[in-house]
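Shared chain: subunit A. Partners: subunit B in the first complex, subunit C in the second.
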Partner chain A sequence: MTVHNIRVGESKRGDASDGTLAEAVGGRLSRVDGPAKITGAAKYAVEQQLEGLAYAVLVESTIASGKVRAIDTASAEASPGVLRVLTPDTIISLRTASDWLGTTPPDKPYCPLARDITFSGQHVAAVVAETFEQAVAAAALVNVSYDETPSIVDLSDGKAGDGIAIDAMTKEWGDAPAAFAAAPVRICAAYNTPREYQAPMEPHGLIARWEGDRLTVWEPSQWLDGMARTYAEWFEVPFENVRLVSPYIGGGFGSKALALSHGAVAASAAKMIGRPVKLVMTRPQTFTGYGGRAATRQTVTIGADRDGVIQSIVHRGVNETSIDGMWVEPLGSVTSIMYATPNFSSKQNVVRVNSVVPGAMRAPGENPSAFGIESAIDELAYEVGIDPLEIRLRNYAEQDPHAKKAWSTRQLREAFAAGAERFGWSRRSPKPRSMRDGNQLIGWGVAAGTYPVRRAYGEAVVRILADGSVEVESSSIDMGQGTYTILAQTAAETLGVPADDVVVKLGDSRFARAGVSGGSRLAGVMTGAVHKAATSALDQLVGLAISDPRSPFHALQANTLVVANGRIGSPRGDGPDVSIAELLKSVGRDRIEATGDTMPANSTAEDRYKNYTTIAMALPHTEGDYSRYSWCAHFIEVRVDEDFGTVRVSRVVSALDSGRLYNPKLAESQWKGGIIMGIGQALLEEGIMDRRHGRIVNNNLADYLVPTNADIPDIEVISVGIPDPHSSALGGKGVGELGIVGVAPAIANAVFHATGKRVRDLPITLEKLI
Partner chain B sequence: MRDFSYLRATSTDAARQAAALPGAMLLAGGTTLIDLAKCGVAEPDTLVDITHLKGLDRIAVDERGATIGALARMGHVADHADIKSRFPAISEALWQAASAQIRNMATIGGNLMQRTRCPYFRDPANFAACNKRVSGSGCSAIGGVTRGHAVLGTSEACIAMYPGDLATALVAFDATVHLGERKLLVDDFFLLPGTTPDREHAIEPGEMITAIAIPGSAAARRSTYLKIRDRQSYEFAAASAAVGIEFEADGRTIRDLRVALGGVATKPWRVRAVEDALKGKVLEPETVRAASLLAVEGAVDHGANHYKIELAPRVVARAILKLGETA
Partner chain C sequence: MAGIAVSTTINGDITEYLCQPDETLLDVLRDRLGLTGAKEGCGTGDCGACSIILDNRLVCSCLVLGAEAEGRRIETVEGMAHGDQLHTLQQKFLEHAALQCGICTPGFLIAAKDLLAKNPDPSEEEIRFGLAGNLCRCTGYDKIVRAVQDAAIVMKGA
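What follows is the complex of A and B.
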């Protein structure tokens, strides 16, 4: 890891969660992996150079529904350099793996190449060749014939139907329909979001290598242990025999947490030809090889009194899933907790369509849910003639309205106040179309966002080496959010060493186990685990210092020693003062090593395996006496050209409550990244379907538009969080997903203020306003 | 694997001869050709690399006009001081095109040869029917996703939109393309799809673009390129207008006007009807808006691209009025 240049200063041994000793944790250390990434020195998973590497290229279905009649591989097999053509008939048989909850799978074979086609772009064959170019050329020669059947294109397809009711999503209290019917003011509107894609800069891919019955997979991963489990189950080898390596990740946004069928193809190919195999998806394949965000539809009805106080919310949601997979995008997640209401009803269906099974994408559930409720309350504000900020305060939920529990911390009122002040909200002219600059209609919009604090148990190894430097090891990952950096800060602060002296090693499943890096949980879990391991290492160090006869501190009391800046001495500086390296040398030790985990004390090996390879042991955010969420308020200015309908975001002020920030600089970057992604969602992003073929045609980054720098104004983010001891060991709440939640409705609300047009279907493209 | 041979041309004549052979294609910046080869549209047997030819990247500008060598890079032309001052629309069309990285690679000659972004044209594996790729195979776009397709100059065989910005500005100012000795107007260089959408340019085997020439004019000197798009950068136009204007001595009466549309037609689209309607008239917003509606005379939409018919005249009007403000 690249050396960073900020010294930690006068850290002391102690509990970092009190916030008073935040020289390390809480400092604005720059990303320690930054220089390696910007100079190209960082080696990503599929950049490994292996001897004998062969290349696999996927062949995908060109129909959305039907059966493969035949696959003619003769020309491909005869093509130069081809080592093997894999089809459903020739690929080795795998076993079905458990899902991410660890549910015991059906005892049946699994084939990652499809005979039954349920979406366009499904893997049907693969070609393995000596070179990538040879594999590409031969893949084009694989001739697949089909018996095509009618497909269900999307939610609006006449054949789609109402779908399957997901009873577990139902949330109800009071009598919402009756209260709605009796309310003097009623709002009812439908809100739609399209298919959206994670579009990480680094496409999905892997290198798989077998040595006997041991498999090594170099693959970008948000969850090494979870993916290793899947590979182990597919190939019926012990979990310990699978090693996942994922040192850096070029963006995941939820899409890299699971082992996917292309991984099964590559690992099968490697086993079949007895050589390492590399398979990287093309950019178009990343639009069908795994799922983006499901398209959603919601109706939100709000009944209120004339003062804008909500009496009832009735919410119905639908998201699409695949023909043979199940994805539930929880659309009532924000609806049910954002505002106080005595009567509430939310229900959700999922509808099967001929699509790849949708997947997790930054704030799954909360993101589209917020688009519905945060647009609807804006509509209510205009209906009753109350300022959109004021109506949110008037309906402020003082406790979790669904769980009926106290919030652990909810700095949302503070977020509204700080954001409004900085944005200048009080200068807003309330009427739509009342602010302009030449041809530009100006609109100001506000919306809130939230994301639950997902908690789990973590594990880490901390080593103090002979030279006094420190190693931290974990199989958790850094996909750009700053894990390398904050874990160095945590270890540095806990141990009393400069952050410069800490090397963090991540992304190898041989290291201490780690659960999924998803749901914004990693930082809270891993700082807690590193803090615990480092505390244990420090206890050993101090123990040695006072117990070993060769130590200059022999026979002193533990509480009379201070470790700071890599040196051990007395608090008053009146005794011996030696470096950690000198102490280790004097007592004849070349290292101190401690493993720390935050699992309950009586946990079994099975519990540990389950905790790190499934999400079944995640702690509910409403466990115990509290309901735990992060919160935010976005204030956004748009400029809409009155002739062209183009919407440009010209100002963003967001105030966010993620509790205590382990590193404000990195947290701010993540918030801004989420806000930028939200701008894309609001204005640009949409998978566009050819309804005749059931195929997304804008499957590349020239046609699937994500924001460029030119689309993004200066974004001001303000932290209003306070340490939340109920959410994590060191007081932080989730950061990564929070920022995107509420951005799209804030923009839609601003567009309404600018133009008087309410756009309820994302993205807000120019033809909807022209 | 699909092999091809690579030749590095040592002279313009050698390049022309080599490129005349069946299956041969010229390679300059490669930003279009390599992209199309990756998606299986271009399958050259021979690439003739002309980037080492000397003297083809010259940019010469004087009172009479500008001559720009075929190998001049888009970025260099966009930043050229005399192009900026005498042909602002050319510079603006270039710097609003593509991305900085592409502009630094792509050449002016290659830019004129840029192919359509029609998604059906670019995906042979999934859409066999494309008259532009294979004559007579049909059109997958008609009846499909058409938000980015042309509303002007279309035929029953093809509705693919011409995506370039530069050529839109070139046709507005009567630029010519030099194919060695042969010279023809850029407007004539680009062909309507008609029944032969596979033939996009009036260039014959053995010919090569060597330069473009743009006559100097007062209208070119007071010109602009207005590009409207969903995304602020690195995107093709929803609608764009290259406009140049010359006023009479009163500073209000339009003596000369040039208008061309981008992003809405199957080729760079000069709209003389708007020019003729406004020449001799005093520049007034209402007059300009009314005349701009003529820009989309004869337009035919295919559903999702209907907005272009609404949008294009507004872009034209805004561009003309903007130039009037600087009078």
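What follows is the complex of A and C.
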């Protein structure tokens, strides 16, 4: 449970130019969870202090492929403080759980510790001890011997092969190969992205505690109900017996949405020793304990007229997956919608390599997809001698070229215009290597990005308490996006109370259920649910005020009343004027409570369970008459040292269409975070493999480079969105994923403009430029 | 379990604790003393989330042993506000939306406090390089820079 009760003396009026009150929806209210975080008072999941806590530490495979021959645990068991050593032979047996679609799992046991090794870093054993230090020391004494077999290191491994065709990813219309062959201008190039890692600053970890057959898990989570379902299925206990608590999450970026094998190990250990167990991954373990973004390969061919109008796009994509898991990174997702083309073909394969199964990382699919198409269109621009911005407008898709539906809203043209204006694009000298400052080559690049609007049903509880304050409850989460804040704004505005009087409680699966916080859907889903719950609470409140004989408004015979700033009065202001607390007292009520639920009216209990614990009921973004996406355009300046090939991003202007912003201050922050992650992707981030052992070598924050303050310039973001009623109840589209999409190609395009060298292989490191 | 007896000053309060020889100061603060403001992002000195000030020096508390704190003066994020009165840097972080998930924030606040103590009037570049040892994966950094600049102005005037 989370209560933010430190008041800060800040003006209620935000700095929005339209004069929106900071605390209204759309206002620039400061983060309500901010005071707890900046004072160090906020307790994150693994910071709970529990009586009798024991510590577990994982032991990982040192080979990438083969079998565990034996595990010698004798010295570890004899080590001071050790309570238990868990191996595949000694850990309790679990059942296989369903996947995130809710697909019925095979009826077989699940063991989170592996005998068959399919990647280096796989969990093979765990040590539980009285202290963390004792567990670390003993883990080093666990002696695992293996029968090693050859591994497939990555996509470039000769043994990798062409992989498996994923027919569901095929998108085709017209006759793309024929139109390409007939086109007067043809370009064809291959674009690669490496393994990348979410690297949230808070490592994954949890505390698990059993009380009888009830399990409580304190774990940073993007999806409490989804993870509770998995734990319940693993341990064969009712869903209701599992409680997930996750008040604050130290970043996730897609990596904290699912219950993972380390969670199964910790919860098993807790059950086995009858004490709460804490297990936190070391930073190196976070590189193999779950999957980052899969490495990808794409070829993009474009056939066009001499004036740059596209006639055909042929796209082929490949991503890596693990030996026994399936991850498809949808590489044709942006390719198929960004530009109008009469002929199109996109196909995708996946290739099995000895890696942990890749996972979701900020804009899975759209991000690498945009690197391909947004680089390729830039190449086409130079080929036909047209400005890179102009060629994008010339091929502007007036409707969704794939779904053949109207866009719900698409402010991409506006984004190009606003970004270009602010950036000063018209002053760009078109030729590569034509702008410089001393020995620095200056390049200006542009690229667009997009992300679909993912929608789902939501639920929330709103309570008006005796003192007139308001409580909002949901088991959804805030990993920094601003959920606490925008839900307080939504409840405050709907009910007519100050945002300071609203307490939002999130991150506990005992609260009203919630689906996954991923794919940028949470804000749209939850503002809709809170709005609905608050509206129904308001109706009850006003209903009581009008009809209860004890109400001061009873004699008025009004058919409506207004609530503003926590007070109730008649619309014409001619009757009594009382606070909500006074009204509740006069009618003898200590609270009003309403549940808002945006599920269809005839939904069954199973539907609800499915909606909140799986993603099977998510609404397609092309449902009905519209195709719904967020859009953006990035304008980026780079400076490349001519002698050393070092690239610095020196200026970023991005214009983004996320529809209506519920809180611009926090949305801008999200966008900027996405943009710098894109700068990291373009210039720094890459998992590097030791090819002899099939092992990642830069599995730490000194060697896996994420951008630091010193790498980042001033970033300007401009909102060009308009309310989109087809995308969400209050008109917003997605925010969190959008910012990163298109950044890497904008930088690659800028680097080409600076140097005349086209780098199609991320990251753009200096050896690729000299 | 016996341990090494340590007497130290934390945020102005004399504090005594027992710790094991292999326990980091970060673990002592977080697990023994319940001061969970300092965070562990890496445990190897690479992220700055565990930043504290030890005798006027900014250090990664994950690289200091608990036993080494004997007789020294420790400042953590918990000591920055006075009651409800936030430190100027905290106030400015809030106003500029310089935090999201908040895991890096205590480290940034402490590092910024140290920076301003040593250089009350830093340029943007000095702030960017001065805080380059603190990683943030959420915010995009520039709001942190603005917050520190703004705080520096207020603190100079104070």
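Going forward, the second predicted complex is superposed on the first by the 741 of 770 C-alpha atoms of A that agree within 3 Å, B and C clash if a C-alpha of one lies under 4 Å from a C-alpha of the other, contacts with A are read in each partner's own complex, and residues count from 1 in each chain.
The rule we apply is simple: contacts are C-beta pairs under 8 Å (C-beta built on N, C-alpha and C of every residue); 3 or more make two chains touch, one makes a residue touch a chain.
Small disclaimer: the values here were computed from a predicted structure and weren't measured.
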Which of subunit B and subunit C A:Ile675 touches, first, second, both or neither: second
Partner chain in contact with A:Asn611 - subunit B first, subunit C second, else both or neither: neither
Which superposed partner A:Met689 touches (first subunit B, second subunit C, both, neither): first
First, second, both or neither for A:Ser474, with subunit B first and subunit C second: neither
Touching partner for A:Gly34 - first (subunit B), second (subunit C), both, neither: second
First, second, both or neither for A:Phe253, with subunit B first and subunit C second: second
Partner chain in contact with A:Ala42 - subunit B first, subunit C second, else both or neither: second
First, second, both or neither for A:Ala710, with subunit B first and subunit C second: both
Dominant contact partner of subunit A by residue count, subunit C or subunit B: C
First (subunit B), second (subunit C), both or neither touched by A:Ser719: neither
Shared contact residues on subunit A - subunit B and subunit C: 131, 133, 137, 702, 707-710
Parts of subunit A lying in touch with subunit C, wherever the complex brings them together: 6-8, 10, 30-31, 33-35, 37-44, 47, 49, 130-133, 137, 198-203, 248-251, 253, 280, 282-283, 479-482, 665-666, 668-677, 700-702, 706-710, 712-715
Complex interface listing, subunit C residues touching subunit A: 1, 20, 22-23, 27, 30-31, 34-47, 49, 76-78, 80-81, 84, 86, 90-91, 93-95, 97, 99-106, 109, 127-129, 131-145
Touch list for subunit B against partner subunit A, complex: 1-2, 40, 117, 119-120, 123, 125-127, 143-145, 147-148, 228-235, 238, 306-307, 310-311, 314-315, 317-318
Interface residues, subunit A side, partner subunit B - complex: 62, 79-81, 120, 129, 131, 133-134, 136-138, 140, 284, 439, 641, 643-646, 648, 683-684, 688-690, 692-693, 695, 697-698, 702-703, 705, 707-711, 765-767, 770
